[in-house]
Amino acid sequence: MKPKVLIIMGSDSDLPVMEETAKVLADFNIPCSMTVASAHRTPQRTASVIRDAEKKGVEVIIGAAGMAAHLPGVIASHTVLPVIGVPLDASSLNGMDALLSIVQMPPGIPVATVSIGKAGAKNAAILAAQILARKDPQLTQKLLDHRKKMAKEVEEKARKVEKKR
Amino acid sequence: MKPKVLIIMGSDSDLPVMEETAKVLADFNIPCSMTVASAHRTPQRTASVIRDAEKKGVEVIIGAAGMAAHLPGVIASHTVLPVIGVPLDASSLNGMDALLSIVQMPPGIPVATVSIGKAGAKNAAILAAQILARKDPQLTQKLLDHRKKMAKEVEEKARKVEKKR
Amino acid sequence: MKPKVLIIMGSDSDLPVMEETAKVLADFNIPCSMTVASAHRTPQRTASVIRDAEKKGVEVIIGAAGMAAHLPGVIASHTVLPVIGVPLDASSLNGMDALLSIVQMPPGIPVATVSIGKAGAKNAAILAAQILARKDPQLTQKLLDHRKKMAKEVEEKARKVEKKR
Amino acid sequence: MKPKVLIIMGSDSDLPVMEETAKVLADFNIPCSMTVASAHRTPQRTASVIRDAEKKGVEVIIGAAGMAAHLPGVIASHTVLPVIGVPLDASSLNGMDALLSIVQMPPGIPVATVSIGKAGAKNAAILAAQILARKDPQLTQKLLDHRKKMAKEVEEKARKVEKKR
Amino acid sequence: MKPKVLIIMGSDSDLPVMEETAKVLADFNIPCSMTVASAHRTPQRTASVIRDAEKKGVEVIIGAAGMAAHLPGVIASHTVLPVIGVPLDASSLNGMDALLSIVQMPPGIPVATVSIGKAGAKNAAILAAQILARKDPQLTQKLLDHRKKMAKEVEEKARKVEKKR
Amino acid sequence: MKPKVLIIMGSDSDLPVMEETAKVLADFNIPCSMTVASAHRTPQRTASVIRDAEKKGVEVIIGAAGMAAHLPGVIASHTVLPVIGVPLDASSLNGMDALLSIVQMPPGIPVATVSIGKAGAKNAAILAAQILARKDPQLTQKLLDHRKKMAKEVEEKARKVEKKR
Amino acid sequence: MKPKVLIIMGSDSDLPVMEETAKVLADFNIPCSMTVASAHRTPQRTASVIRDAEKKGVEVIIGAAGMAAHLPGVIASHTVLPVIGVPLDASSLNGMDALLSIVQMPPGIPVATVSIGKAGAKNAAILAAQILARKDPQLTQKLLDHRKKMAKEVEEKARKVEKKR
Amino acid sequence: MKPKVLIIMGSDSDLPVMEETAKVLADFNIPCSMTVASAHRTPQRTASVIRDAEKKGVEVIIGAAGMAAHLPGVIASHTVLPVIGVPLDASSLNGMDALLSIVQMPPGIPVATVSIGKAGAKNAAILAAQILARKDPQLTQKLLDHRKKMAKEVEEKARKVEKKR
């Protein structure tokens, strides 16, 4: 199946976090592909990976990086597809460096930034689903089901906590 | 024309910043509506404004707030539409409080966060256009034209700066 | 016994911290109930839990959450009861995200914020006792006794440290 | 009328901010008194002001200070009344120093911390009203009315913003 | 021997860090005593410990605390002896809360603040020695010897590192 | 009169802040001298200024600098006299850069750090007086008088604020 | 004369700051050229500007940008020439966003980062001179003269400040 | 072979990080020497180590330190050679103290700052190579080869990640 979402991470060491994105996309039956490209070490590759993705019909690109996390912004400079940025906690600064490097984009080139680390990796997938749902009503239904499931889980946890006391 | 984007701000004092969003959306010919709702002072209104928007066919919601900026997250709790959050610099903490309150959403409910203040207000509009372009190829063309225009402006500025020396 | 205090946490993973609150309340013989509700995943549940609590005579609500910790503010948007917020250290940002999301409430809807994590969980209980003591002189006495006990503990620790040298 | 709330500020330069507290308390018809005491320059005065307040029937104390804002914590060390802390933006650090000095109280002695500056000054008054409402049902009604008034104001602002476009 | 330096810590859990201070003072043959007092839990004790110390001829007081570390400032409010503050890393905020609570003293009551944690605990002792050396030329000599010893250690380390390559 | 305190500032632009130090020292009748030396631009001058000061009988050195404020630490590397560091707010980072550069000294070479800017400039003078008072009982009396004067000022301010209401 | 240094700024609004760089380079008689290129709005232009510069014999590139300041890192991804990054204070976050975006480069592609704003703009020029001096002994002499001149200026300022008292 | 690069670290405990610098320099066949000198504990040694290095033909000096990391700035005050600063994460503040102490140099004396910790240690070596390449075309070739090698590694990692899915 043709990928609708492309996940680009700055290093293969980001895989354990970004697999969360892939898992959630799989839950929504959204085909995705995943690769490594570095904004700094492989600028040409980054550009060509994006061009290829556009040709193959990818509709949303997710970029994940730590430290001076330029990858999502550099991706956004090569495409007008929506780009989601996941800041990773990959230095001593707890991901604050990655967060500011991704979210504080100057006017003209947005990056849709989500939370730092695993929470953001999951949310990137859901945000991608919300974007793709613009032309896929079935996805909207899946998103509503996902909400219900999450609500149910909260209620179950509530019951356990309430019993405990 | 039916609005495609709804801009909700936490206070009318946010209007000077959020008019930037409206202007850019107008440049892209994307019909939008704009209102005020407070996550804390009018929780019911916030919920009903979103319900109405969904019925009227709104496809992207932009929430802007300062301080403990819960509005975008609260909007996201009431809809599965993509929600874009604009952190505003409305306290002594330079918008860092709003940024963290918007971007650090727990797993399950994403908010697509953009930069603090006017830069983010503009980028929210472009991100909305990128999302709507998923089913509107004309918008993709407009986004590409906008990129070219921005590039041209940079080149003109470059010439001025180069002459100066 | 009817609960006077309701503890709401954003996730059952917050239980080990929030049990500190329950323990201290128990020390003061203040009946409390404890549940899970998410500002984002279960906005309706959050509202209904609060409505129920008000009907049952709860007088103080304690909300605890990490990351973009909207829960205490959202609770406060649904009640005029005093709401105490406990910021939890649940992301790479050491609880600074939760602290700012809870304490920086815009004018009109206060949240009584206490320290991050276990210290705050304990202090939330004592603050609740101080509030309930407004109409319960016995609680004032218990609070004074608790102060004396703490002072005594400090003096005992002082003796041990003084001997050491 | 006997004051129910005592406002203590660290310096008379804090008056323009803390008058906001007094105004909101006046709106709720809650009698208050206001004074200056310094945790560091007048430790005895701080203690005696609190003792006097307790004798006169004060039920909530609000402490406001900037920089290394010890005043609210020091007040709390002298009383078991609920103490509300308002961090002021009085140094180059934008009130972050005052916020951390007030909110991060060690276990045992809570300070109910509100937002930095004027927003916090207002919220301190509302929080005091919420605490006093524990034994004054009329105050609860006033708080509910205040909420309605705020909601109405938001709706009026919304109408203005909606017309604008 | 009569203590010249009094070390007050906010909790006995601070002992492992503050023993560094005691050790360095012992190296300089400066008699010291060590105790526990809490600015918040035992305000009277804190005041009386200081009064006693002054009577016994203590000349420098070192206060160490974490979180909203009011202890050094509260000590300084009770004496005109030089007070040295050691910020401890005792919360999720890495000691930044303690640092700002200690160093940002308002004009009139200084606290001589040293670095966070063990480095600061050692430096507090050396600073105390430098202060006491104002009237004890032998201490000046010991401080100069200590400098030489440190320089020698650096040179030895340098030789090892240089050999390594 | 021979100076007892030497004030070294990194730049003459720091004079308006550091004159506060000189004024307070003058109030205490402590003779001081004031000069400019840069840790980076004039390392030799910095060293020689300190050597001269030691010869002339200076007992406390106050160093003030902004940005990467190495001056106080560099002064401390050349003397075993007590060195007080005043962090100045001289960059966009609000003095946080200067604070951390001054206070976070590694073990072995302490700098007695006071608050950022004018408050710190005043407190540096008082701390110097407290240190010099170790061998000058008259200074202790002046410090006690100064405390009383400050307390009186607080009480006067309190009366004004109390009347206002 | 062929430029040895190329200054690239992200926007012409950065010119008032970056003219400081040009002025200092002129003082050292180092020919430079100056242009505008945006890492995000003109990624191709950025790459081609660098390629051209390399062909023309440029030896050092200085990149200046604010917010999520990717420009210096992106420049470094296109060349193995030394790249100096100047973080600009162009958002509400005081340049901290630009600083972290520039300095926290992942391993493999360094950016030589200098201080935020005008101080950094000047230092970028001096650092470029220090680099070019590697093969130009005359530049080393100019750098030494510049040091002497700065030292002299400090001494003159010192005399003025010393007289003042 | 005569060293071209001198690595100075503030303490031998920094060796495990700074060996990364030495390794990368060795990969580029750049002879280097490595020593320990403390800006504060051995100011004379620091100055003489630099003087010796200049005489022996060292062309780039790398200074690494944690906490109030004055070493790189102090090195820069003694030489007009390019000085690279590596901030180390050696306190509870995650290296933010070292970063600001190194990068925020006042105008006149630059330090070329790289990222915190190991990433910075590696980048310092590459930056040194880029500087030395100004007069050594073979080094430029090695730097280009290093880039290619890094790009290849990214591509290999990309293939592994791509296969995984």
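A, B, C, D, E, F, G and H label the chains in the order they appear, each numbered from 1.
Quick note on the criterion: contacts are C-beta pairs under 8 Å (C-beta built on N, C-alpha and C of every residue); 3 or more make two chains touch, one makes a residue touch a chain.
The shown structure was predicted, so the numbers you read here are calculated from the model rather than taken from an experiment.
Shared contacts of chain A and chain F, meaning chains that touch the two of them, come down to G, H. With contact taken as defined at the outset, chain G and chain H are each touched by A, F. In summary, the pair chain A and chain H forms a contact in which the copies contribute largely different residue numbers, shared numbers making up under half of all those used.
Centre-to-centre separation of chain A and chain G, using mean CA positions: 35 Å. Between the Cα centres of chain A and chain D there is a gap of 42 Å. Under the contact definition stated at the top, the residues of chain A that touch 2 or more other chains are 11, 38, 41, 67-68, 91, 93-94, 96, 103-106, 108-109, 115-116, 119, 147, 150. Interfaces, counted as pairs of touching chains, are A-B, A-C, A-G, A-H, B-C, B-D, B-G, C-D, C-E, D-E, D-F, E-F, E-H, F-G, F-H, G-H.
Of all the residues in chain F, the ones that touch chain D in their complex are 89, 94-96, 115-117, 119, 147, 150-151, 153-155, 157-158, 160-162, 164-165.
Only residues 10-11, 38-41, 43, 47, 66-68, 70, 73-74, 76-78, 90-91, 93, 96-97, 100-106, 108-109 of chain F touch chain H when the two sit together in their complex. By the touch rule above, chain H contacts chain G in their complex via residues 59, 80-82, 84, 99, 103-116, 118-119, 122-124, 126-127, 130-135, 140, 143-144, 147, 150. By the touch rule above, chain B contacts chain D in their complex via residues 9, 11-12, 15, 22, 32-38, 41-42, 45, 67-68, 91-94.
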